[in-house]
Amino acid sequence: MDFITNPGFPYLSVILLTPLVGALALIFVPREEVWTIKAIAAVSTLVSLILSVLIFLAYDQTIGGMQFKEDILWIKDLGVSYSLGVDGISLPLLLLTNLIGFSAVYASWNNKDRVKEFFILLLILITGVMGTFVTRDLFIFLLFYEVVVIPIYIMVIIWGSTKRVTKEYAGMKLTIYLLIGSAFLLAGMIALYVNAYQLTGVRTMDIESLMLVPFTEHFQIIGFLLLGIGFCTLISMWPFHSWSPDGYAGAPTAVSMIHAGVLKKIGGYGLIRIGLFVLPAGAKFWAPLIAVLAVGNVVYAAVICLVQKDLKYVVGYSSVSHMGYVLIGIAALNVISINGAIAQMFAHGVMAALFFAMIGNLYEKSHTRNIPDFGGLANQVPRLAVGFMLAGLASLGLPGLASFPAEFTIFVGAFGVYQVFTIIAISGIIFTAVYILRMLGNVLFGPRQQQWDKLTDLKGPEWVPLIVLGTVLVTFGIFPYLLMDPINTGVTSLFARTGLSTVIGGGF
Amino acid sequence: MIHFAVQNSWLIPLMPAIAFAIIVFFLRRTPQASAFFSISCISVSFLLSLGVVAGVLMDPAAVESSVTWFSMPGLTVEMGTLIDPISGMMVFVVSLIALLVQIYSVGYMENDPGYSIYFAYQSLFAMSMLGLVIANNFVQMFVFWELVGLCSYLLIGFWFYKISAREAAKKAFVTNRVGDYGFLLGILFLQIIFGTLNFTDLAQIIPTYANVGLLTVIALLVFTGPIGKSGQFPLHVWLPDAMEGPTPVSALIHAATMVVAGVYLIARAFFLFAAVPTALQVIAYVGGFTALFAATIAITQNDIKRILAYSTLSQLGYMVMALGVGGLTASMFHLMTHAFFKALLFLGAGSVIHALQGKQDIWEMGGLARKMPITTKTFIIGSLALAGIFPLAGFWSKDEILLAAQSNGFTGLYLIGSLVAFLTAFYMFRLVFVAFYGQAKPNNDPHESPAVMTTPLIILGLLSVVGGLVGMPWLSTNFGSYVYFGEAHHGYSLMIMVTSTVIALMGIYLAYLMYYKKTISASAIANRFKAIYTLLYNKYYIDEIYQWGINHIVDGAGRVAYWIDLHVVDGVVNGLAKGTRQSGTILRYLQTGQTQHYGMVLVAAVVVIILLLGLLDPSLGISAWGGGN
Amino acid sequence: MSVSAIVFWIIAAVILGSAISVVTAHNLVHAAFFMVLTFFGVSGLYVLLEADFLAVVQILIYVGAVAVLIVFGVMLTQRKEMAQTNAFSRHKWVAAFLVILLQILFGYAVTHTPWLVVDEAAPDTTVGLLGEMMLTELVIPFEAVGILLLVAVVGAIILTKGARRIL
Amino acid sequence: MTITLNHYLLLAGMLFCIGLYGALAKQNAISILMGIELMLNACVINLVAFNRFMAPNHLVGHAFGLFVIALAAAEVAVGLALVLTVYRDLLSVNIQDFDWLKW
C-alpha cells in the first residue's frame, strides 16, 4: 500500500471530482448513445469506488486523525479554504457513498427516459454527497449540501413515480424540508463563525479549528439547537420525518438509494462532527430530548411499517425507525454509542440501498409496489428474492450481517445512559422482525401466481447492486472489526481532543 | 488427534460453514454433489467432536481460546471456543444428530427441486448450532442463537409456496424475537454492570455481586431467551406450527438440537441463575407448567408431527424444570437422551409420512406395523424411551429429574413430573396403537423406506436403548461425574424409579385399552368432558388470543400511529404549507399595482433607514459620512 | 454680500419658485414651461459653479430636447381642456409628509457633516479637460452611455410603434 | 456672506424633494416624468457643487453630470414612449389607472 500513501497525490480530490468529470463528459455525448452514457457513468463511479476502497485500506489507523489532507485557500477574507481530509468517521461514509453511487448507476441501467440528463444529475448528486463527507471546511460542507438538493428535486419531478402522493408533491416536500433544514444549518453555522471570530479574532471555517474555540455554554445551547434542527431534519428525526417515506416513494430508484443510503447520513455525520464535537456542552444539554424523540422514531415508525401496503413506504418508514437507533447512539454521548451510531449509518446505508435497488427492479418489471398484489415471487425470481431476503435480514439486525455489530454497540453504549429509553427502543427489534418478515413473506413466498410468470429475474448489469452491496453486508457482518476499528480511531481521538468523558456513565 | 480437536474446536463449526458457502456458490445445480459435500463436511465435524469428547473425558478442565471480533474502549466482543464437559457433550450430540439427519435427508428429500439449497441450509444450521454450543461468551451465543433462528425460519419455510409454511416460519422467527428481546436486554445489563460477557469471567464475578434484586432481574431477562427458543409457556406457540418444515428438519432443529439451545443456555450460564434462587424457582415452575400444559394438549392432537411437537415442548419443560430445581446434571442428561429418542421418533414419523405420500393424520394411518417393520420397531423403541421404561435411555434421565425435584424440596413439581410421565406414556402409545396397529386403510400403500433412511433410525434406536446407561447412578464414574454445577453428586431412589416406571406402564396400559382393545371408548370420554376436550383440542386457544392481540393491539397501534402520521404530523406540515399559501393570498393585496404606492414605501423606507443609521447609532451616523476620504 | 451671493440667492429663488410651480400648476402646459424656467435656473447655477460647458449642455439638452419632448408628450395625450390636467392624486398629504421629513433629514445631514472643502481656483475652461477625460479615464462609461442612448432610441421607437410592425 | 457648499447642497436637496413630491403625488404620468427630471437636475447640481468645492481641478463631477444628463435624455425618451404606448391602450395618462401589476 505504499504507493497510495504517497502524500503528494490528491486522492480525495480525484475521488470527489471524477463523477463530476464524468458528468461534464456526458454533456458532450449525443443523447442517442445510450450505451456510452451508461458506460461513462459506470466507469467514473467505479474509479471513485476503487480509489475509496484503496483509501479505506490504506488509512493508517495507528496514527488516526485526518489523513489524505489537501488544502487550497479559497476565500481569504472569510477564512474559507477547499480543505479535504478523511478520518475514521468520514472514511466509512465515503466508502458507503461510492458503493451506493456505483450500485445506483447499475440500478438505473434500464432507465429509458432522458438517459443523458438522468446520469448527469446522478453524477452531480454523488459528487455533492461525497463532498460533504470529505471536506474539513464548514462552508464547503454547506456548499456541497446545497449542491445535493437541486438534482434530487429535478430527478424526483421528472423520473419519479406517483402512487399515494404525486411525484410533484413528493419532490416538493423533500426539497422544501431539506431546504428548511439547510436554512437552520446556515444560521447555525454563521452563528458559529461569527462567535468564533469574536472569541478568537481569527476568521476560520475550519471545523477542527472551531473545535478548539471556547464557546460559552449559553451560546453552545443555542447554536446546537439551530444545527440540531437542521441535521435532525436531515436524518428524519420525529417529528421532522414525514418527508422521508413520501420522498422515497416518489423518487426514482437511484435517488431513493442515494437518499436513504447516504444523504440521510449527512444528518448524523454533521450532528456528530459539528454538533457534538464543536459544541459539546450544547450536545449535552439537548441530548435527553434527542433520546426521547429517537425512541419515538424507533417505535413509532416501526409500528407504522406494520400497516403499510407499499414496498417503498415500508422501507421508508423502516429507515426512519433505524435512524432512531443512530440518534439514540448519538444522544448517549459516549465512545461506544457513537461508534455504534456511525457503524449503523454505514450498515443501514448499504441495506437500505440494496432494498431500494431490489424494489426498483421489481417495480420496473411489474409496475406495482403494492404488497397485496404480489405473492410467491420466489418461485419466479429467486435471485431477486435473495436480494430482498438479504436486505430484509440486515434490516432486522441479523448477526452475520453488518447491522448487528452496529446495533449491538449502540445498545451497549446507550444502555448505560438511558436505561428506560433504550429498553423501549430495543423493543423495536421485535416490530422490525414482524414487518420485515410480513413483507418478505407476502411478497416472496406463498403459492405461485400466474400473473407474475412474465417477470424476468436479475441478469447482467442488474446483478451489480446485489453483488456489491450484498458482499459488503456479509463481509462487514462476519468481520466487523474491519469497520469498527477505523471508526473507533476517529471517534476516540476526537473524544480525547474535546475532553468529553469517554466512559459510559453507569446508572447502577 | 484428540489434542488437536480440543485445541482447534473452531474447526467444528467451520466445516459446515465451508459446505454452505461452496454449495451456495458452486454446487447449486448439482444436487448429488451438494449432498455429498455437505455430509462429508459434517462428518469431519463429527470426527472432530468425537476427539473433543475423548479429550474432555480424559481431562474435564475447560479449554478456552478466543479472538477479538471487534473492540473499542469499554467494549470488547470476542469470538471464541470453550470446551468443557457440557459443551463437549453438546458438540457430540449436535454433530451426531446433524450427520444422521443429513444422511436420512438424502432419501427423504429425493426429487425435491430445492435439494441443493436444502443441504446448504442444513450446513448453515449445523454451523450455527455448533458455533452456539462452543461459544465462550454471551455475544457469540446470541449471534449464533439468532443464526439458528434464521435457519429455523428458512427451513420451516423451505416449501415456501405453501402459505401455512410461510406463516409458520414467520411465527417462529417473530416469537423467538420476543424472547431474544429479553435475552438481549439481559446481555446488555451484564455488559454494563460487569464489563465482560465471557462465561468464565462472569462465573468468577457474579457470585460476589451484592445486588441480588438486580441480578434476579437479569437472570429472568436472560431466561426469556430460552422461553422463546425452547418453547416454554407462553412463547411455545411457534413450535407446533414449525412442523410445516420437512420432517428431517423437525427432527434436527425442532426436536433434538435447536430447541434445546435454550436449556443449554441456562446450563451454560448457570452461575448466574444459581446466584438468585428466586429466578431459579420461576424457571422451575415455568418448566413444570409447560411440561404439563403441553402434555395435556398432546393427548388430543391427531397430526403425528404435532403430537411429537407437543411432546417435545413437554420434554423441554422437563429439562427447564430440572434446571430450575438445581439439577443441571439431570437436565443435560435428559437433553442428550431426548435428542436421541426424539430425533428417532421424528425420523420414524418422517419415514411413515414418506411412505404415505405426505399424510400426517394418525387416523388415516393404521396397520403400518406389518408393512414397515424397521420403522415400527425403532418407533416403538423411541416411544418406550420417551415414556421412561427401564432400561431405555429416557428412564435414567427422567428418573434423575424426578429425583432432583424431590430431593431439593419441590414436591409439587415432583408430582407434576410424575403426572406428565403418565400423560407422556399415554399419548405416545395412543399414537403407536392408532398409527401402527390400527385398522389398515385401503387406499394406503405403505412400504418400508430405503436403507439410507432406515440406517439412521437403527443407529438412533441403538442409542435410545444404550444411551442412558452412561448415566446409571450405580456407576462410579458416570455422566454426572463430568457434567455438573457446584459439586457432583450421585444418588438414586429406588422408590422413584419404581413409581415412575409403574406410572408409565399405567399410561401405556390405558392407551392399550382405549386404542387397541377399545374396551374404553375414547369418544365417549371426549363427549363426557366436552368442554375440556375442546379446550385441549384447541390448545387452550392461546394462538387465537395471540392472533387477536396482533391483529387488534399491534396492528391497531400501527393504524393509529399511521393515522397520526398522516393527519397530525403531516397535517401540521401540510397545514404550514397551506398557511403559507393562504397568507400569500392575503398579503398579495398589498401589491396594489400603484407605482406611487411603491414609491412612497420606498421613500418611507429610506427615511426610516436614515433615522436608524444616523440617529439611533451615532457611530455609524451622518457625521461619519463626512470627508469623502 | 458679494455679487455672486446675490446672484445665487436670485437663482435659488427662481429655481425653487418655478419648481414649486411645476408641481402645483393646474395646467400641464404651464407646468412644462415652469420646468423650462427651472432648467434655466440650474444652468445659471452651473455658471456660478464655473461649469461653463455643463451650463451650455444643460440648456441644449434639457431646454432644447427634454422640455420639447415633454411638451409633445402633453400634446399627444391631452386632447381636452387643459385647465385641470395636472391634478394631485389621493395621497398627496402622505407624500408631502414624507418629503418634508426627508428634507429635514437632508438638512440635518448637510449641516452636520464636516465637508472637506479645499480652497482652489477652478480651471478657466472645462471643455478641453472634460473631452480629454472622456476619451481616456472615462472611456468605458462614455461608450456605455453611447450604447445606452442607442438602446433608448431603439426602445422608444419599438415602444411607440410596436415591435411586430417593425420587425 | 459667502455662498458655501452647504447652500448648494441644501438648494439641491430642496429641488430633489420638490421633484420627489411631484413624482409621488401627481396623477398625470407626464407630470411624474417632469418630477423625475427635477430630481435628476438636483443630482447634477450636487455633483457639480461637490466637484467645485472639493476637487476643482479634477472634473469627474462634471463628467458624471454629463452622463446623468445623457441618462435623463434617454429616460425621458423611453418614459414618454411608454406613456404613449399605455395611452394608446387605456386612453388615459392617469397613473392610477396603470395597475396591471396588482395581485
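When the chains are written out, they are named A, B, C and D in that same order, and each has its own residue count from 1.
The rule is short, and it goes like this: a residue touches a chain if its C-beta (ideal position, glycine included) is under 8 Å from a C-beta of that chain, and two chains touch if they have at least 3 such contacts.
This structure is a prediction, so every number in the text was calculated from the model and none was measured.
Q: When I count C-beta pairs in contact, which pair ends up with more: B-D or A-B?
A: Spelling it out, more C-beta pairs touch across A-B than across the other pair.
Q: Could you give the separation in Å between the centres of subunit B and subunit D, each centre being the mean of its C-alpha atoms?
A: Taking the average C-alpha coordinate of subunit B and of subunit D, the gap between them is 92 Å.
Q: Where the CA atoms of subunit A average out and where those of subunit D average out, how many Å apart are those spots?
A: Taking the mean C-alpha position of each chain, the two centres sit 59 Å apart.
Q: Compute the distance, rounded to whole Å, between the mean C-alpha positions of subunit A and subunit C.
A: A distance of 64 Å separates the two centres.
Q: With chain centres defined as C-alpha means, what is the inter-centre distance between subunit A and subunit B in Å?
A: 35
Q: Out of subunit B, which residues touch more than one other chain, so two or more?
A: Subunit B, residues with two or more chain partners: 596, 600, 603, 628.
Q: Which residues of subunit D are in contact with two or more other chains?
A: 20, 24-25, 54, 95-96
Q: Do you know which subunit A residues sit against two or more other chains?
A: none
Q: Taking all chains into account, which pairs touch?
A: Applying the touch rule to all chain pairs gives A-B, B-C, B-D, C-D.
Q: Can you list the residues on subunit D that touch subunit B in the complex?
A: 20, 23-25, 54, 95-96, 98-103
Q: In their complex, what parts of subunit C are in touch with subunit B?
A: Going through subunit C, the ones touching subunit B are 89, 91, 94-95, 98-99, 101-102, 105, 108-109, 112-116.
Q: In their complex, what parts of subunit B are in touch with subunit D?
A: Those in contact with subunit D are residues 588-589, 591-596, 599-600, 603, 628.
Q: Residues of subunit B touching subunit A in their complex?
A: 68-75, 77, 139, 142-144, 146-147, 150, 153, 157, 160-163, 165-167, 169-170, 173-174, 177-178, 180-181, 184-185, 188-189, 191-193, 211, 214, 550, 554-555, 557-559, 561-562, 565, 569-570, 572-573, 577
Q: In their complex, what parts of subunit A are in touch with subunit B?
A: Touch list, subunit A to subunit B: 173, 176, 238-239, 241-242, 300, 303-308, 334-336, 339, 376, 378-379, 393, 396, 398-400, 404-405, 408-409, 411-413, 415-416, 422-423, 426-427, 429-431, 433-434, 437-438, 441, 444-448, 480-481, 483-485, 488, 491-492, 502-504, 506-508.
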